[in-house]
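Across the two complexes that follow, subunit A remains constant while its partner is subunit B and subsequently subunit C.
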Partner chain A sequence: MASNGPKSQSQPSDSTSAPPKSQKTMSKQERRELQEKQRAAKEVAKAQPAKGAKAANKPSQASQDNQSSKKPSKAAEPSTPSLGASASAKSLNATSASTSQHNLTGTEAFGLRIFSHFGAIKHPSGPAKGDIHPAIVRLGRQFAEFAITGANARCIATLTAFQSVIQDYSTPPNTTLSRHLTTHLSHQINHLVGARPMSVSMANAIKHIKVEITNSDIDMPEQNAKDELCHKIDLYIRDRIIVADKVIRTTALRKIQDGDTILTYARSSVVEKVLLYAHSKGREFSVIVVDSRPMLEGKGLLSKLSSAGIRCTYILLPALPSIIDEVNIVFVGAHSMLSNGAVFSRAGTAMVAMMAQERSIPFVVCCETYKYSEGIHLDSFTKNELAPLSVSIPAASSEEVQSEPNLQILNPLYDLTPPTNITAVVTEVGVIPPSSVSSLPFALGRQFI
Partner chain B sequence: MSPRLAPPSVVAAQTISESSPIASPPFDIIAAYRRILNDDSISMPVAAILALVELIEFSAAGTTFELVQALTDGAEQLKSRTPNSISLSAGVELFVAFVTLFPHESDSFDDLKAELVSEGRKYAQEAQTYRAKIAEFTFKFIKDNAILTHSYSRVVMHALLHAHKHKRISVYVTEARPRGLGIKTCEALTALGVPCTVVLDSAVAYLMDKVDVVLVGSEAVVESGGLINAVGSYQLAIIAKAHHKPFYALAESYKFHRLFPLSQYDLPTHTPNILSFPRAPASTPPPTPARGLSSTNLGHPPPASASMTSDQLARNPEVDYTRPDLITLVFSDVGILTPSGVSQYLVGMFAG
Partner chain C sequence: MDSQVDNLIWKLRRRQIVGSRLTAIETLLVLRQYITKAKFTTIDQLIQKIKGIGARLVAAQPTEPVVGNIVRKVLHHIREEYKTAANKPGSSIQSSAFSLRNFVVSGQPRHQATLQKTEARDHLTRSRSDWHHDNHAESLKPVIMEAIQDIFDELETVYESVSKSAKDHIHSDEIILTIGKSRTVESFLKAAAHTRKFTVIVAETAPSYGGKSTAKALASAGISTFLVPDSSIYALMSRVNKVILGAHAVLAQGGIFAVSGSLMVATAARAHSTPVVVCTGQFKLTPLWNLNNEYGSADIENPDAVLGFDEGSLVDKVDVVNPYYDYMKPELIDVLITNDGDHPPSSVYRLIKEAYDDADHEL
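Up next is the complex of A and B:
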């Protein structure tokens, strides 16, 4: 931020709705008002973002302002609460120029200096570009707000949305479905990716659909072709996700003995199914749900399991060492598995794996084969995703944290568990060691998963 | 898998006539298995395959589904009646997979059965050559040196005798309690002129510095790349690893088993009785002191139980599981594999 200093000093705050006035000449009140306005604008920007490219040449104005007005604002805070509220109310009507500018400065200030390659969190722009299907627009919103999370849930939601896209699609003249539909879908996909980076599960599923589309018969009547594609999507969901989960839970059941204490981290839909199934089959076991900020997904799992009558313990990740000795087996889910046997999963999983391996506790990953990813990552930094601020900071403290100029919020969503720390991967083709993950495509007799 | 192997009329006729396949003269698979196993050169998985082949011969099944059903039933019977069924299951698994995937080209189901029988026999015949093949592979890895082996294993014996023809090897063999099969190995090797010494199972760590290579056989090689073998192999592997000595497992490919034990207690042979504590007052006090004090027993060539009661022995495992990270290489008839290579081979063979 220091490098930006002189540049932004030379630029007066002309883009805001305040009169063009140098900061030094502002009164304390005025500066305070300006700052409040900017914060409110940031809030607006987060809820209703716009394209930020226009303001790219004025990157760190807000943070510069924050820095200069930090001390006075702290002093003024208790005395002028009503002023702050009115200022933010006023600035809701701020021009779109200032909105876009602060959107950018906001993301710049929060955590993208080191990990900028993870990509800023772009929100789907309100009026969708091009011909975006309403189902996709809605889905994009749900992805961006983290209303739908989890590799399986996102994949199923995407595929279901694609079915309505395909059904509502009509081939333009002078082209064929098998050629044009893929480009049409690509626009929809781009919109979704803008909302949240694509999961490996979605990428594999989309690859599959695109192949199906290009393979569809040119001479087939359009409605038949669309019906057939929708049917194939249904089959994909059934074979690769739903049936796979059923096979995984029966396989995993054999690894659960009476009296076991099972540890799981965060929330995986597959692990949830495994545990509920084992309980329904009369296995007597107890579960330790380990959870961690910022998402605290384990709470959902906890309520599901305990309402099913499974004895549960809920702890946060820092308490893991004190409880790990009680554990017989660890089950976790995965975002994707890589061809070197490493597993990409919710941030914190690697730590659990390391600790389990150190105590020789079997660490078992439950993962459908469609989450296989050809690539190899050696660490969690080459590819990851950042949790948006709305997810990572509780609403109450969010304003305070954001006004802190030297504070970056960085919450990677995933981490990489190295194959050495994984005992086994339960897939629908059986229990395999991580070293055999790379032979899965051969085992399935496919070029790709 | 679907009953589409014969013209529909034939299938229909057969299924009707064979509505109760059990009604055919009862074929005792256990007896067949035991009889085949009497041949000393035939190991458990091959014996299981041959027993299943006989079952096919006697079976009245009219469709592949019925046949596979009969096979799995027979296999279940075999498993339930044999005390340690891991090795046997490997053979059964292989054969059932073979039957289900067998291309249905013959005209009638009887032809198919005949074909299956001849293929099964052929495989068993071929399997007899595997040990020589493995011995050949192992030969290149043995120098003029001291070899440690565990218990008695036909494939290891084969490899040692083959090496003895061309190299000056000396062999240490563990006693391998509770069955004491190390004695058998020692006698056989000494008779053929190989210098051999029996060591106590508890003396392995004492000995390990003098050893150049550890060779063990196996009951089954499992999907993790690990190894199931007579109890004591695991500690052998741990000690070998600690001394940086190569630990080689020798296994015919019919011992590859789709099983993934997560720990010692995840083995199918593990029962709640193993490692349990005797129920408090009555059972233990009388026998133990009496037997334990009879130190005169030590002078004798060790019988199956030197000083433990059968009750105490029953609380001990017969086999243990050696983790893949302790194994240097697995020698099999399909090649010399790393433990992860074994698991990839297995995934490729059975999955999909």
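Up next is the complex of A and C:
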């Protein structure tokens, strides 16, 4: 949109400066800290009524304390990996906050605190702050309502939206595209992160784009530079996702024999492609789909597979031990791979891996290389996300459990499968054991994925 | 009076009685009624009659082992009372109670210990032949009634007895994981909550969602509770200090039948070296072995709860499995807390020998 251009000129560094925020735009935690500080300051002022000047300084002092405390509170929420700019939580209306879950007060019981670093649940953002591109606004809404789920789907949607953003961008005077576009994009990204924490696939793709932007030729006319960037994005999607999936499904086909019983968990786009491809190639096999709350995504996969004519069985996770003896091979997808070979995937995958390992059934993870993540997590707590109650599928016989004071509902979305439970990882560069995952970047000739 | 038995049989068939303890109490009531009105000349007759009833009751609901257990318990008490009564006069007490020969010959050491008679084998044969022509069988009724009342009291107080040791097993600031709906576990945790402050994570247990009512009950008792879906059990296990489960039945090899999902919880606990505690009543000890199906369930439930008809076209094309119970092997369990104390699963065989008679294993 042409209207976005002039606006971006006037507020170029919106995300880096931090003016004192009004109460409406602070997160719940920050507001509470502010209240505590105000309360504490009030006590001090009461004890020393002579120092009237302190009372006047309270609001500004509190807001400044808030700025400095914002950083530690952000650090305590590792579920929102920041991309340089601090992720600013969007406007949380008091009403929407009170209807849902955690009240992380300072006086809560011990047990509740140990899960507090999962982070406060983010609610669908209110009116977007600043000049967010409409495509990004729409995308943020879709993420927050879980209309788009899955690492690949989110990544492709993000990149497509960025193509619109880049096309509608115009360089402000006194700066170049290669220097300024990154900042502009970061601002858009913050809006997305506020809607839902970024996935590793999105993060890697964005890193790639930023490198491409920085490397773009300064002398090129603007429209050519923009077209070139959009083309690079198309290539990234094509090479790292679409074609990679094609290679993965061909490789995985070699692992499927006639008469096999294949088990899969929840819904992975890659595994779906593998199974449909194998079926189209004439392999005879049956599939057991294991599903679980909170997202119950397996049902979608089930309808896709059975309408393609594959014989399917559907069970919930607790029933797994009763039928796992009949399984020949397990295929699952991944959100990301860690450098120690562990796989970060939908909650419940770790249990399927554990049961398969016990029976010596091969547990195969299908994952593209762009999902590789450099860090190492030791357990599922370090980085995880909680599904908002409004989005998780309600249990069939649901009684009202939200109303109890001592009761909290947690719906972690991810868990970590240790490398010992994984037999092999199928990537577009071949079938590798989990211990070789850390050498992927080097094998591909890059410093990072 | 036979109609009472028929009544119970129909109730069991239609699954109108839910819950092991309730089933046990109902069975005991019917048996007590029966014995009050029964006429028999020898104790053997009574035993055979009760065995017949027991066989019918068990056939009515084979997935509820508690029924058979209560029948066996009553039989065991009857035999015991009879022996004590029959051997009171002329008892020459010899304390050669634990001679190895007698142990090998008779095979029931505890059986010997309760008797205050000589352990000689010929005495055994004499008393056995006594059963066939016995003149004071009827007069034994009040004693039998007392014994049945003892069983009643045990059943009534099972929750309190199991919870007695609760505060020794649970420490402050511990995080406990449990699954499913078990009243025994609930009362265990509530008893500990009187003196300790801890946290409980309850897994939902799809598709019966028994975990939800457990979570609600615990939260209203003032315990800080987290309700999580089954998918996050492995993820949370690294923070859990103990796993406490309830059992549907305890089998002779030390394994248990428990609600579907318990096997995964116990396996995840093993992977993290977390202790697994099973709270159960003594009446759930079953002298049967699980030979048919290593992991399979004793009971398959309605698949509608998993994939219902509201899914439309999927229903014909897709198979759905909804087992209700899991079998957990004894290696996965660390301790069984019963109203009779704490026992490792390896000594379950001994508890069963003490509680029931060998002749009653097959009703």
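Keep in mind that, in the parts below, the second predicted complex is superposed on the first by the 328 of 449 C-alpha atoms of A that agree within 3 Å, B and C clash if a C-alpha of one lies under 4 Å from a C-alpha of the other, contacts with A are read in each partner's own complex, and residues count from 1 in each chain.
We take it that a residue touches a chain if its C-beta (ideal position, glycine included) is under 8 Å from a C-beta of that chain, and two chains touch if they have at least 3 such contacts.
Since this is a predicted model, take the numbers as computed values, not measurements.
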**OP:** Overlay done on subunit A, so just call it for subunit B and subunit C: clash or fit.
**Re:** fit
**OP:** Figure out whether A:Tyr372 sits in contact with subunit B (first) or subunit C (second), or with both, or with neither.
**Re:** neither
Original post:
Who does A:Tyr236 touch here: subunit B (first), subunit C (second), both, or neither?
Top reply: neither
**OP:** Considering only the touch criterion stated at the top, classify A:Asp325 as touching first (subunit B), second (subunit C), both, or neither.
**Re:** second
**OP:** Classify the contacts of A:Pro433 with the two partner chains as first (subunit B alone), second (subunit C alone), both, or neither.
**Re:** first
Original post:
What is the contact status of A:Phe344 with respect to subunit B (first) and subunit C (second): first, second, both, or neither?
Top reply: neither
**OP:** Using the superposition on chain A described above, determine whether A:Phe442 touches subunit B (first), subunit C (second), both, or neither.
**Re:** first
**OP:** Could you let me know whether more residues of subunit A are touched by subunit B or by subunit C?
**Re:** C
**OP:** Go through the superposed model and pick first if A:Pro412 touches only subunit B, second if only subunit C, both, or neither.
**Re:** second
Original post:
Of the two partner chains, subunit B (first) and subunit C (second), which one does A:Tyr277 touch, if any: first, second, both, or neither?
Top reply: neither
Subject >> Least Cα gap, in Å, left between subunit B and subunit C after the two complexes are fitted on chain A >> reply: 18
**OP:** Provide the residue numbers of subunit A that touch subunit B in the complex, in ascending order.
**Re:** 255, 257, 329, 360, 362, 364, 423-424, 429-433, 435-436, 438-440, 442-445
Subject >> Residues of subunit C that touch subunit A when the two form their complex >> reply: 173, 175, 197-199, 204-207, 209, 212-213, 215-216, 218-220, 222-236, 238-239, 260-261, 263-264, 267-268, 271, 294-297, 305-308, 311, 314, 317-323, 326
**OP:** Could you pull out which subunit B residues touch subunit A in their complex?
**Re:** 223-225, 258, 260, 262-263, 265-266, 324, 339-340, 343-344, 346-348, 350-352
Subject >> subunit A residues touching subunit C - in the complex, by the definition given at the top >> reply: 109-112, 114-115, 292-294, 299, 302-303, 306, 312-325, 346-348, 350-351, 354-355, 358, 379-381, 384, 392, 395-399, 401, 404-412, 414-416
